[in-house]
Amino acid sequence: MNPGELEAPDIEWVALSPSLIVFGAAVIGVLIEAFAPRRARYPAEVAVSALALAGAFAAVVGLAADGRAGSEAQIAGMGALAVDGPALFLQGIILLVGLVSVFLFAERRLEPAGHGGPVDSFAAQPAAVPGGQAEREAVRAGHTTTEIFPLLLFAVGGMLLFPMANDLLVLFIALEVLSLPLYLLCALARRRRLLSQEAAVKYFLLGAFASAFLLFGITMLYGYAGTLSYAGIADVVAGRPAVMEPGLASTMGNDALLLIGGAMVTMGLLFKVGAVPFHMWTPDVYQGAPTPVTGFMAAATKVAAFGALLRLLYVVLPGMRWDWEPVLWGVAIASMVAGAVIAITQTDVKRLLAYSSIAHAGFILSGALAVSEDGVSSVLFYLAAYSFVTLGAFAVVTLVRDAGGEATHLSKWAGLGRRSPLLAAVFALFLLAFAGIPLTSGFAGKFAVFRAAADAGAMGLVIVGVLASAIAAFFYIRVIVLMFFSEPKADGPSVVIPSPLTMSVVGLAAAVTVVLGVAPQYFLDLANDAGVFVR
Amino acid sequence: MESLIGLLVGAPLLGAALLLVGGRRLDRVGHWLATALAATSFVLAAVLFSDLLDREGEERVLHEHLFSWVPVADLRADVAFQLDQLSMTFVLLITSVGTLIHLYSIGYMAHDERRRRFFAYLNLFLGAMLLLVLADNYLLLYVGWEGVGLASFLLIGFWQHKPSAATAAKKAFIVNRVGDIGLSIAILLMFTTFGTFAFEPVLDGATGASEATLTGIGLMLLLAACGKSAQVPLQSWLGDAMEGPTPVSALIHAATMVTAGVYLITRSGAIFDAAPDAQTVVVVVGAVTLLFGAIVGCAKDDIKKALAGSTMSQIGYMMLAAGLGPVGYVFAIMHLVTHGFFKAGLFLGAGSVMHAMNDEVDMRRYGGLRRHMPVTFVTFGLAYLAIIGFPYLSGFFSKDEIIYAGFAKGGTEGWILGGVMLLGAALTAYYMTRIMLMTFFGEKRWQPDAHGHEPHPHEAPLTMTIPMIVLAFGSVFAGFLFDSGEAFVHWLEPVTGLEHGDSPVGHGTVGLAATAVMVVGVAGAWFQYGRRPVPAVAPTGRLLTRAARRDLLQDDFNHAAFVTPGNYLTRGLVYLDHKLVDGLVNGTAASFGGLSGRLRRVQNGFARSYAVSMFGGAALLIAATLLMRAV
Amino acid sequence: MSFPLLTATALTPAIGAIATAAVPAARRTAAKWLALLFSLATVGFAAAVLLRFDTGAGADRFQLTESRSWIEDFGVRYELGVDGIGAVMIALTAVLLPFLIGAGWNDADEAEHEAANRRWRPTQGFFALMLMVEAMVIMSFAATDIFLFYIFFEAMLIPMYFLVGGFGDRAGELDEEGQSRQRSYAAVKFLLYNLAGGLIMLAAVIGLYVATADQLGTGTFSLQAILQARASGELDLATGTERWLFLGFFLAFAVKAPLWPLHTWLPNAMGEATAPVAVLITAVVDKVGTFAMLRFCLGLFPEASDWATPVVLVLALISIIYGALLALGQRDMKRLIAYASVSHFGFIVLGVFAMTSQGQSGATLYMINHGIATAALMLVAGFLISRRGSRLIADYGGVQKTAPVLAGTFLIGGLATLSLPGTGPFVSEFLVLVGTFSRYETVGVIACAGIVLAALYVLVLYQRTMTGPVKAGLEKLPDLRVRELAGGAPLIGLLIFLGVYPKPLTDIVNPAVEHTLSDVDQTDPAPHVVPEVEAAE
Amino acid sequence: MNPENYLFLAALLFTLGASGVLLRRNAIVVFMCVELMLNASNLALVTFSRMHGNLDGQIMAFFVMVVAAAEVVVGLAVIVTVYRSRHSASVDDASLMKL
């Protein structure tokens, strides 16, 4: 190749259209913030975001219909991105979750309206000191932070890239692109801003810390294999590199580089997934962040991160399966057990759900550990089921409010079932799905991952998982007891009647929960078809 | 003709159902309806009897298969009846005495507002008892067996508002249940041994089974018989059962139900014949009970309880006779029938007395009643003479035959048995005379009842006296009738078999000896109660007397051996269940809670400690990965 | 395709549940009648099931089968079918429900202070949940796909849990906030116990799938397919695997049944729930456990069942004696009945694992009879408790004086509970004893002790509550109302009918038992002595 | 010069950064330590790039720098907001949420 001549990269625009649409829309969103008048921003942002996400979803569906989830799967972007079954399936979930989250973000009937019109659950002026003069003025003026929408879109864009990432560079970039907007979103709560900011700081510092580890791991893998591309590394791990260079020959023998590097990259991803012992940010951040953000984050981040983790384990590191499998066994067991056990004594709904998400990370991990096609598709299905339940649950949390905003302390939920039987019933449905009771999506998902694990001979994991489920059931049930069997308190919270936006979120989540529980076959087929990584 | 058997059993059962379901509407006619149905049964029984008499000895069996009851694989339990000479005898006794006592109860219960129920229960009892004796297999017999137990429970506890009655009823049922275990196990053994529990195949096939098995079956049957017939060691319920209305005591706890044990053993004769060890135990139980009952009967001041002791003792005779095998079966049944008459007569008499004395039962408060209640006195007196074995009255024949059979056992055993029975006969004469004297002779010792009413003894109404008179006739003439030409013996022989024992002591000698000890007994009682006035308050008495008053400490024993430890056991188990079994579960839950509480402390809110956890985790992850490679 | 009768039977109460739940708050009475109507319709369908069931020789083992694809990916099919045992269990469920609805007619009416809350519809919820449970129980009796069974086995816990926790009887101890801690403790305990058992079963279910996939190529949950494969030798589980799987299944069923020492949830749940719900638990829901032992444990894991038999028999014996003794020690009427049920479940398990025709037929009949007898006893106890507002035995006495009909019905229920001959339970208890004794003599003899203990606890209860002088506060105790009597009398009639003429039931059950026995390769022990009469023929 | 020495330096820097994160209280300093870790990676990347004789590592290093810059923007924004609310940049003070 002539050094002066740059080869124009060959970009598969169509195959990458979903993420491109989202990123494009995000940029438009930023432009709207910059140029549109304050009043017009909200409708414009909502419309752009919703349209972009819906459009991207349509693109994903189109790509899948094209067969790119199966036989037509391809490596795109000069080998940097993979458009294959798992990627498209997870992108589909992320986009749907993102779309639904837009509805949650856009909800403006929960908070008392300011002078400028109705407001949402995000800070009037994030930069203002909590309780200060500036904030009071902003509140009075009814200011809102419409920047949340482009931030959401950027995060979604990063998440779309994450499971597609087919080299370590993209992996890192995608991680940061999805993380940075989330750090900011966490800090934007309208009420309890100190908590919100604290959550952001913690999330940010720990997230950065984790990504530093990830990066160092990437570095070592690069050092080991001399390439950043997944396929290239996999080849080297398997002992048959495409080109044998002298430098490679010396590093290839150094297994420590591979092992430590692999472990550190895995650790970075486990942090995003929220697996023990990298889970400690989860409760604090889930609790402090604005609830719509928590819902979005809990659902979508987990999906994206598991996508990336799966690809890493299945495409890059299958050669060293015997090294990481036992270790991840340990992580999975620790997550299931610790998540379930610690959740028993939680008193805050959001923290409770955070611990529950940790336990679920363990369940999903046990499916991932099957290292089989069944394992992949079971994880895909589980993620689909789990993300909607989570989103629905957090959507319900936004509706239970008292004078101080959302009433997240469990004691305030006493007797909710008597005041608002329907809402409480829906929440109970979500809890039952979390607990994995049959006829809910949670059960089908749990069955799928456990079956995959058992099929792969990991019966021990299944048994621990089952026992952890039993422990976990206890605290889900405790909430149900509280809602239905306790007398409502006189000063208890009330359920605000939301706009159709939130209602549609809750409704959709409930519907998905039931459908995936009762008639999951179609979705299982989808997940099965999408179970193969392209290499 | 066979179909009449179903009707025979069905009539009283129908009566019970009608009276219970019919409710208050039937209050006014219920008792007559019940009596009529009982009488119907009696008439049917008579018809069947004449039919049987028309046949030859071996042909005198009727079978009626109603329907298949519980068919499972090889197990066939049918609702089917078998009427042979043995059951016929019982049927006649039950329906005749039963009808009489129905009639008697009309008068006796006239003022009880729950009379309809009483008659329903009586009918229920009749039906169950008939089922018991007519069943052609042990399982159906068991149904009747428990059915009479239920009726007995309901009737003993008829005055449920009295705690003592309720307790007595419960006690009777439960003690009987202990016996029922025996019957259950016997049936189970029969099934595993013979593959069936119908009389014919089991009894015909008995010789084919091992002696050990048969002994087992026999002992289990004996356990059942002990429960139902109040034999030692399951005798304790009978005395308390006297809490029931007196007609009940007469019918169930004297004439019919308590003799079911004797029926069972006689019916299962083939099994016992092949299991001599079991027979020996039967004999021992009979002998012990015979003395036990007699001793208790001597000490009781409560007229009904004294009679109950007597019942126990007399059934002891029967049991002993049945244990002797074919030598004794016939006489056991014969004594059973005669006993049915005279003991029912005695109880009805006692009822009549109580009726007259404001339900007073303490004989020390009776005295001199013969002038006030002549009919009762005469009928009671005749029955009295029959039971003590006054020559040529019914008891004389049946009891002497049993004593003779006892001697016929031969050897030392024969002498012991004969001696025991003669001693029993003396005691019988003693306690019966004591009752007679305390009740009808001597001074008035009447006292006002709890409400301050002075008793005004009067003769009972006709409905009550007629049955007493009829039974008195039976007491006097039954034995003579049976003994003439050995009619009864020949009648039963095809079923029970018959052997004439070879006794070292002749028939005549036995008769003389029995009469002699009777005279001694009567004289003893007369010396104690006839010559001098009876104290209104019982003297403290000697140790034996005091023990006998307390039923020879049977309740104390049961209490110490079963009730108290049982209570402790239950209480201990309740505690254990709560603390240990449940505690283990709750403890597990709590320990998870504790673990959770401790683990969540790790989440201390400091970002730096979270970072430490991550750092440590990463280190661990790396170390573990490296370790895996090293391994 | 013929009319899907089993689906219809299960669907009717499910639709009823939805319809009842949809009735507006103000139309409470309409909801009750609607629920009753649907439960009666279910009885109709169940009757059709019994009538259509062919008991002739050579009839199929599973009848009225339905088979549709459902979740192919999991190897799960919507397969229904009943053998004789399933058919009678469905009938029991369907028959009991109208009585329970009738008995609980006013149990769930809201307190006055709640009447203003238009959204809170406890009555509708109560009956809807009951019907829901019924639907799920029927499904689990009808499912021949193990996964399908599992789903309903687990799912029925949820409505049950709400029934226990949400509608406790008002006689419980209340705390200062007017709510019963005991009750919610009981509900949670009920759920967690059963959920834990069920989850362990889930692991076994998955294990079974893996094992079948291993040997048959494709994993399957179809009972019939597995039985066939086993019969043809295609499927031959390794001894260790089979035992582990058996334990997983058995544990879940033993919790549900409940077998000592997994029984402690039952007294709590039955004590705190309203009487109809308590009956629903013990008479209907728990039967799924013993039913499943018979159908799944024995059918799927014959060798392991054989292996576990000694231990199971011992546990069953302990349950019998222990339950009865604890019943004796109770001060609370409903807990007493609960412990009595523990004892009775011991008998059922004994019958199942005796591996004889009599034992298993007896166990099946026992399930039916125990269901009806407990219903009779418990419902009457419930009427009594609702009158006095106390569950403590010590608060009663002399009831027969003021309410003779109530006392009488109670007594008959009690007598049936102690297996008095002439009532249904006697037949079944006898069969269980015969079945057990003919294989394990000692076990049979020890079980007989249960006979006495049953008499003790029933009669002690009767004596303390019904006889003696009338306790203060009970002088004006009203006797049974017409509605209550209408609920109790048919049950008693049924008990007596089944005691006198159980043949229709045994005819249906026997062939199924023969099949089950051939699954486990067992034959009845032959009698030691062949009677001469038969030998001569 | 042996390129491996750069790798040791990189590892040292990474460790220093990590210990700084664990030990320092001031959020800004903590953040700087994270940056140090990123730069350690950069050094290693470049070294490896040199060892393998391809440019991938160097390109990666450029991206990392950009990302680090972006992180600074976001991070400082967040930290400064917190500082304004609490008048303290100590990470230990931000511990309202726990247990």
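Think of it as A, B, C and D in the order they're written, each chain with its own count starting at 1.
Convention: a residue touches a chain if its C-beta (ideal position, glycine included) is under 8 Å from a C-beta of that chain, and two chains touch if they have at least 3 such contacts.
Everything numeric here is computed off the predicted structure, so don't read it as measured data.
Engineer: Nearest chain to the global Cα centroid?
Structural biologist: Chain closest to the assembly's C-alpha mean: C.
Engineer: Hey, how far is the Cα centre of subunit B from the one of subunit D, in Å?
Structural biologist: Roughly 96 Å, centre to centre.
Engineer: Can you compute the centre-to-centre distance for subunit A and subunit B, using the mean CA position of each chain? Integer Å is fine.
Structural biologist: That gives a centre separation of 79 Å.
Engineer: Round to the nearest whole Å and give the separation of the Cα centres of subunit A and subunit C.
Structural biologist: Comparing mean C-alpha positions, subunit C is 44 Å from subunit A.
Engineer: Once you find the CA centre of subunit A and the CA centre of subunit D, what distance in Å lies between them?
Structural biologist: The mean C-alpha positions of subunit A and subunit D differ by 24 Å.
Engineer: Do you know which subunit C residues sit against two or more other chains?
Structural biologist: In subunit C, the residues touching two or more other chains are 192.
Engineer: At least two other chains touched by the same residue of subunit D: list those residues.
Structural biologist: 18, 21, 30, 91, 94-98
Engineer: Multi-chain contacts in subunit A: which residues touch at least two other chains?
Structural biologist: Within subunit A, residues 201-202, 205, 209, 213, 283-284, 474 contact more than one other chain.
Engineer: Please list, in label order, each pair of chains that touches.
Structural biologist: A-B, A-C, A-D, B-C, B-D
Engineer: How about subunit B: which of its residues touch subunit C in the complex?
Structural biologist: So the residues of subunit B in touch with subunit C come to 20, 67-75, 79, 139, 142-143, 145-147, 150, 153, 157, 160-163, 165-167, 169-170, 173-174, 177-178, 180-181, 184-185, 187-189, 191-196, 200-202, 204-205, 208-210, 213, 566, 569-571, 573-574, 577, 581-582, 584-585, 589.
Engineer: Which positions of subunit C touch subunit B when the two form their complex?
Structural biologist: Touching subunit B from subunit C are residues 189, 192-193, 260-261, 263-264, 322, 325-326, 328-330, 356-358, 361-362, 398, 400-401, 408, 415, 420-422, 426-427, 430-431, 433-434, 437-438, 441, 444-445, 448-449, 451-452, 455-456, 459-460, 462-463, 466-470, 500-503, 506-507, 510, 513-514, 524-534.
Engineer: Touching residues of subunit D toward subunit A in the complex: what are they?
Structural biologist: 7, 10, 14, 17-18, 21, 27, 30-31, 34, 37-38, 40-41, 44-45, 47-49, 51-54, 56-57, 59-60, 63-64, 67, 70-71, 74-75, 77-79, 81-82, 84-86, 91, 94-98
Engineer: Can you list the subunit B residues touching subunit D in their complex?
Structural biologist: These residues of subunit B touch subunit D: 600-601, 603-608, 611-612, 615.
Engineer: Hey, which residues of subunit B end up touching subunit A in the complex?
Structural biologist: 589, 592-593, 595-597, 599-600, 602-603, 605, 607, 609-611, 613-614, 616-618, 620-622, 624-626, 628-629
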